[in-house]
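Below you'll find a set of structures to go through.
Okay, so chain A shows up in both of these, paired with chain B first and chain C after.
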Partner chain A sequence: MNRQSSLPFVFLVPTIALLAILALTPTLYALSMSFTDRSLFSPDFNYIGFENYLQLWSDRRFLNSAVVSVKWEVITVTGTMILAVGLGVLMFECASPRARNIYCLIFLIPVLLPRVCAAFVWKFAFHPLYGIVTYPYRAITGKPLDLLADPTSALMVVAFVDIWQWGFFFAVIIVKLLESLPPQPIEASRLDYARPWQIHFYITIPMLRAPLISLALVKAIESLRSFDLIYVMTRGGPGISTETLDMYAFSQGFIESGKIGYASSIAVFMLILTIVAFTIIWKKVNK
Partner chain B sequence: MVKHREEYLVKRNTCLMLSAASAAVIIAAQSAAAQQVCTSDLKILAQPQTGLATTESFAQEFRGLSGVGFQVDYLNENDRRARSQADASIIGSYNVYYVDEANLAQFASSGWITPLLDHYPAEYDFDDFDPGRRATATYDGQVWFAPITGGGDLMVYRTDIFSAAGVEPPKTLEELFAVVEAIHDPSNGIYGFALRGQRGSGANVWRWMPYFRGFGGEWFNVDGTPAFNSDAAVRATETYLRLFEYSPPGTRTGSWDESTGAFNSGQVALIVESAPLGGMSLNADASNVSDKVAFGIPPEPLTGGGYAHGFAIGTRGNASAADRDCAGLWIAWATSKENELRRLAAGQSGELNRTSVFNSPEFSEAFGEALPAALEATSAVTKVNFWQNEKWPDLGNRWGIILEELITGQRTDIQDALDELEAYAIQITAN
Partner chain C sequence: MAEIICRNIRKTYGAIEVVPDFNLHVRDHEFVVFLGPSGCGKSTMLRMMAGLENITSGELMIGDKVVNDLEPRDRGIAMVFQNYALYPHMTIRDNIAFGLRRLKVSEAEITARTAEVTSVLGLEPYLDRKPTELSGGQQQRVAIARAMIKTPDVFLFDEPLSNLDAKLRATMREEIARLHKKLKTTTVYVTHDQMEAMTLADRIVLMKAGRIEQIGSPEEIYERPVSRFVAGFIGTPAMNFIDATVMSEHGQCCVVNNEIMLALDGTSFNVEPGQQVVLGVRPSDLVQDATVTPPLSGQCDLIEYHGDHALVSFKVGTSSLHALVAARKRPFEGEQVNFAIREGAAHLFDQKTGKSLLRESQSVAAA
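Moving on, here comes the complex of A and B:
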């Protein structure tokens, strides 16, 4: 093996070894746990085969949490990308380079806020009696507006906070991507009297297809880890209307029943679902 | 009049502080002779209590007793329960856990906490605690925690609103509905009643249980089979949901903080809540309505929810007997008469548990006659409402989520909801 061909191994082996220790160990442990009836209340446990997995399909809360998780992914990824592309294009078209830099600095603030802080701030902003967001409704109708206690709006409110945190950050990335594009196609289309929306719809956005897909996938992965945001704002409620798979797994493992084995089976299901879904999406968009 | 009151308060607080300080000196002198058992700082997991903040401000006194300091991590009730359950069962990073009546059986039977009295210094006089609190701290014949707060339920109402509406404090549930209907005026920012809607055996279920038990509900039939979907449970749930029509927005997904916060901020005319609200509502620093509240016992047939929270010695976090002695010393010190007197001086009535403090002239002087009388009267209707079993947190939390679904309108069929709870109760009791 010559030096050139061994170099990738020099870099890869320690990284993969570290990854194997940090990621694979708990994953395998969770997989093993998912086949047991392990609970927090006793050190003894039995291997029970696929019983936990079979039980999942008759558990209405699990089925609900799977649906909520899919809804959450679709809403937050779509919302973030729409906001990011819209704002990115708007900044590119309407703001001077200096103003763009100032906007970019401001737009970075939401994502720099710790997730829990953002959740608390927005939770108070949506308070039915004191919240600034609900104030106009109160002022006009004289009635309070409790969006976080309404099963039909709670998920949208939490998704709004997620989109607020990430949409502005992604807008900064998109405006920088637009700035990095070769100017000739844009200038040529302007000479042909193309309208700004036509320029972006037919030229710049298609040119940015690959990075935009990457951004969407990054956001999709990030959205899977929104436990802290949902936990602080609604705890999965009202009822089970914002209870995602990770929230339900945590609830089963540590809040309600101490069923570590059952919680692990939910986590493993989520892992498998994520791998399959992302593989399919990745293959589709790479065609 | 105001000046006279201020002078009185200054004198009263000075007296209380002096008596607390003298007692602390005595304790310190006693303990100086004792061997210092602690070797490293203690970690305590607790839920916020104003009295604990007062205790923390005397941390140097504990360092003098033990030679070490301590750190208290605070989490709200639901988070504290989840965190302590996970930590006590697997990690053991805390020396002392804040436990409550609802999860005591679970913690004790799982071996996550250690019997307290083996490590509780005798000079701190455990028997001085209120007998009801001591009984709640006992499980399977052993004492597991020293109480930091406890009691039953109290009805607290606004005298100004009641006078304006010409209504009397309700004595029965029928009267409660009539009064609440008469004073409910949300367009002017006044809500008739306040409840807890947030999920949890210690949240919405805690406030629902007095209706269930008051209507004659029992958790189990005489043959030992679960009776969670009985007529009493249906009626209690219907009543609870009906009363929620008068509860302020924010309480549908809120718990103690939201409902008592709504009362103390002046939005609520009447509330039935855990007894510490009485002292809080009189404290001008915490309440906008401190000069216009009165107290009573919960309307019939509601049973007051007897409870106690306190500190217990963690098993995993204290490997040796010396470690457990150290944790026991901290618990004894934090819940000592001296610290209770300091809380009393600070007007923190919710964290008082000792009979010697309740019977002291300082207590009567601090809270007048109305609150102590109401507290005494309410003890007659106080009961243990929940199922005293290690499986209660699981079942209670399950019901909490279903009840939250009903409160927020995510489901509407009460019988179906209770049947689901019944099925779960059969499943976990069979296991």
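Moving on, here comes the complex of A and C:
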């Protein structure tokens, strides 16, 4: 092998080896554990084949968490994209380039905050007795308002925090994307009787289709990792109304029953579901 | 159909004044070309007419309306851009129909009108393609179709042919000329290409540094340039300029420098003895002359062969001159050449102001 052709391997092999150890080992370990009845209470375990997986389908709490996960994905991704596009277009239309830069700087702050901090801050803001968000309701009605204790509103409140963190950041990206577009089609559409909102609806947003889809996919993957946010704000409660798949796996494995094998099967199921879903979406949008 | 009136239009970007004071009356059905070097404010002026740039002060009228504060869409104009500015994600059909759809014209009428303009411009085979699948010339034709379908009062063209190759440019130029003949829509056309200006324009507005240098028909501008700048800008190959002084000998008016002495018809020029002038002669107005003492003689140092013609470069003293001669009669490099100025073809400009010294009566008579 000459120097020319060995060089790529010099760079690639250590990285791939490291990645294999760090990422692949736990994955494979979880996979193998998902076929056992291992628990935290005893060192002994048996291989039980697909029993964990079969049990999942009769576990109503698991099915609920799958539904919550899907809801969570849909709400946070669409919410973030709507906020980001709306705010991005608004900044592009109404703010001077100078003001735009200042807004961008401010809008970057939420995403810079560690998510656990954001979760604590907003949890307190939604506090039924002391929170600033609930203050107007208290002031008017004199009664406390506990949105996080209500099964219907809890998921919305947590999703709101997630959208707050990412929507503003994406708005910054979108305003920069809009600025990067060639100005002539926009000018041509102004001459073609298009009103400002029509210019964006028919011209700029379709022109940004590819980057917007990429952004939505990035957010979808990011939303899958919202464990810390949900853990701090609701721990899956009230009841199981905000319990996503990863929350449920965590509580099965470490909090409630210590059933590590069962928890692993949930995690593996989630992995497969994610890979399949994203492959289908990716293929569809790239057509 | 409409006329355009610009009154004292001024445009500044911060402290920089791009257009100081622009006055122009474009008549109904007229084809006016803004011509000038880059940065002369011609595109800015056009964009102000389109409403894409704000007018700092002054008044712009299209038809009978003052349009200063109207949105581009309310001005009754259509514009063709240099880089086509098509909507990249739409098919050609949707590109052309976009404006009419915004106006909520019925689909049946849109189909009929699209068919009409596409047949004029030969675009039928491409209607379902995307802009990137078309060549530059076809894309520009789509842009023209998109402008035409709106049946505007005024067409604005912003260097529409600059991105095309030379051959296509000539074809498209002809096509635009034909279209204007047919539609007779008032048109303002910006270009830096004098060939386009000369062939398309009813009147040329020659601009320099935001000001109008001269307005006139192509012929007027070519034959009677009002300044040295206009004379140098219009005409290929460019006009020859020779610095000289006016003298009066035996009542005969002459221009003289170290190398030449040329008698002039004193009645056609506003000159005084001792005045510093620039003599301008177009290369095509230099004729080969075998007489013993022709005014311009020198050694030929370069021949550019153009096919029908050849451009002969020769040095008279310090100044390098060009003459356009029939290719068959071209001299050899290194040969001594003698040229005379065709009668009445000389131009004189004041050295300080650059203004033409041709007598007014003369230019009026010619116009």
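Just so we're on the same page, the second predicted complex is superposed on the first by the 269 of 287 C-alpha atoms of A that agree within 3 Å, B and C clash if a C-alpha of one lies under 4 Å from a C-alpha of the other, contacts with A are read in each partner's own complex, and residues count from 1 in each chain.
In this section, a contact is a pair of C-beta atoms (placed from the backbone, for glycine too) under 8 Å apart; a residue touches a chain by one contact, two chains touch by 3 or more.
Just so you know, these numbers come straight off a predicted model, no measurement behind them.
Q: Putting chain B and chain C on the same copy of chain A, do they fit or clash?
A: Here the two partners, once superposed via chain A, fit next to each other without clashing.
Q: Of the partners chain B and chain C, which touch A:Y202 in the superposed model: first, second, both, neither?
A: second
Q: Is A:Q184 contacted by the first partner chain B, the second partner chain C, both or neither?
A: A:Q184 contacts chain C only, not chain B.
Q: Counting only touches as set out at the top, which of chain B and chain C does A:I213 meet: first, second, both, neither?
A: The answer is neither, since A:I213 touches no partner chain.
Q: Look at A:L56 in the shared chain and tell me whether it touches chain B only, chain C only, both, or neither; answer first, second, both or neither.
A: Neither: A:L56 stays clear of chain B and chain C.
Q: For A:V111, using the defined touch cut-off, is the partner it touches chain B, chain C, both, or neither? Pick first, second, both or neither.
A: A:V111 sits against neither chain B nor chain C.
Q: Once both structures sit on top of one another, what is the angle chain B-chain A-chain C taken between CA centres, to the nearest 10 degrees?
A: It is 150 degrees after superposition, to the nearest 10.
Q: Output check: A:A194 vs chain B and chain C. Expected answer is one of first, second, both, neither. What do you get?
A: Touch status of A:A194: second partner only.
Q: Which partner, chain B or chain C, touches the larger number of chain A residues?
A: B
Q: Of the partners chain B and chain C, which touch A:V285 in the superposed model: first, second, both, neither?
A: neither
Q: Which value, in Å, gives the least CA distance between chain B and chain C in the superposed three-chain arrangement?
A: Nearest C-alpha atoms of the two chains are 49 Å apart.
Q: Shared contact residues on chain A for chain B and chain C?
A: Common to the two interfaces on chain A: nothing.
Q: Once bound in the complex, which stretches of chain A touch chain C?
A: The touching residues are 182, 184-185, 187-195, 198, 202-203, 206-207, 209.
Q: Could you please specify the touching residues of chain B with respect to chain A in the complex?
A: It comes out as residues 78, 81-82, 85-86, 89-90, 106, 109-110, 186-187, 197-199, 248-250, 252-253, 267, 390, 393-394, 397-398, 401, 404-405, 407-411.
Q: Could you please specify the touching residues of chain C with respect to chain A in the complex?
A: 50-52, 71-73, 77-79, 81, 83-90, 98-99, 102-103, 143, 146, 150
Q: Looking at the complex, which residues from chain A come into contact with chain B?
A: Residue positions touching the partner: 40-42, 61, 127-129, 142-146, 148-151, 234-235, 237-241, 253-258.
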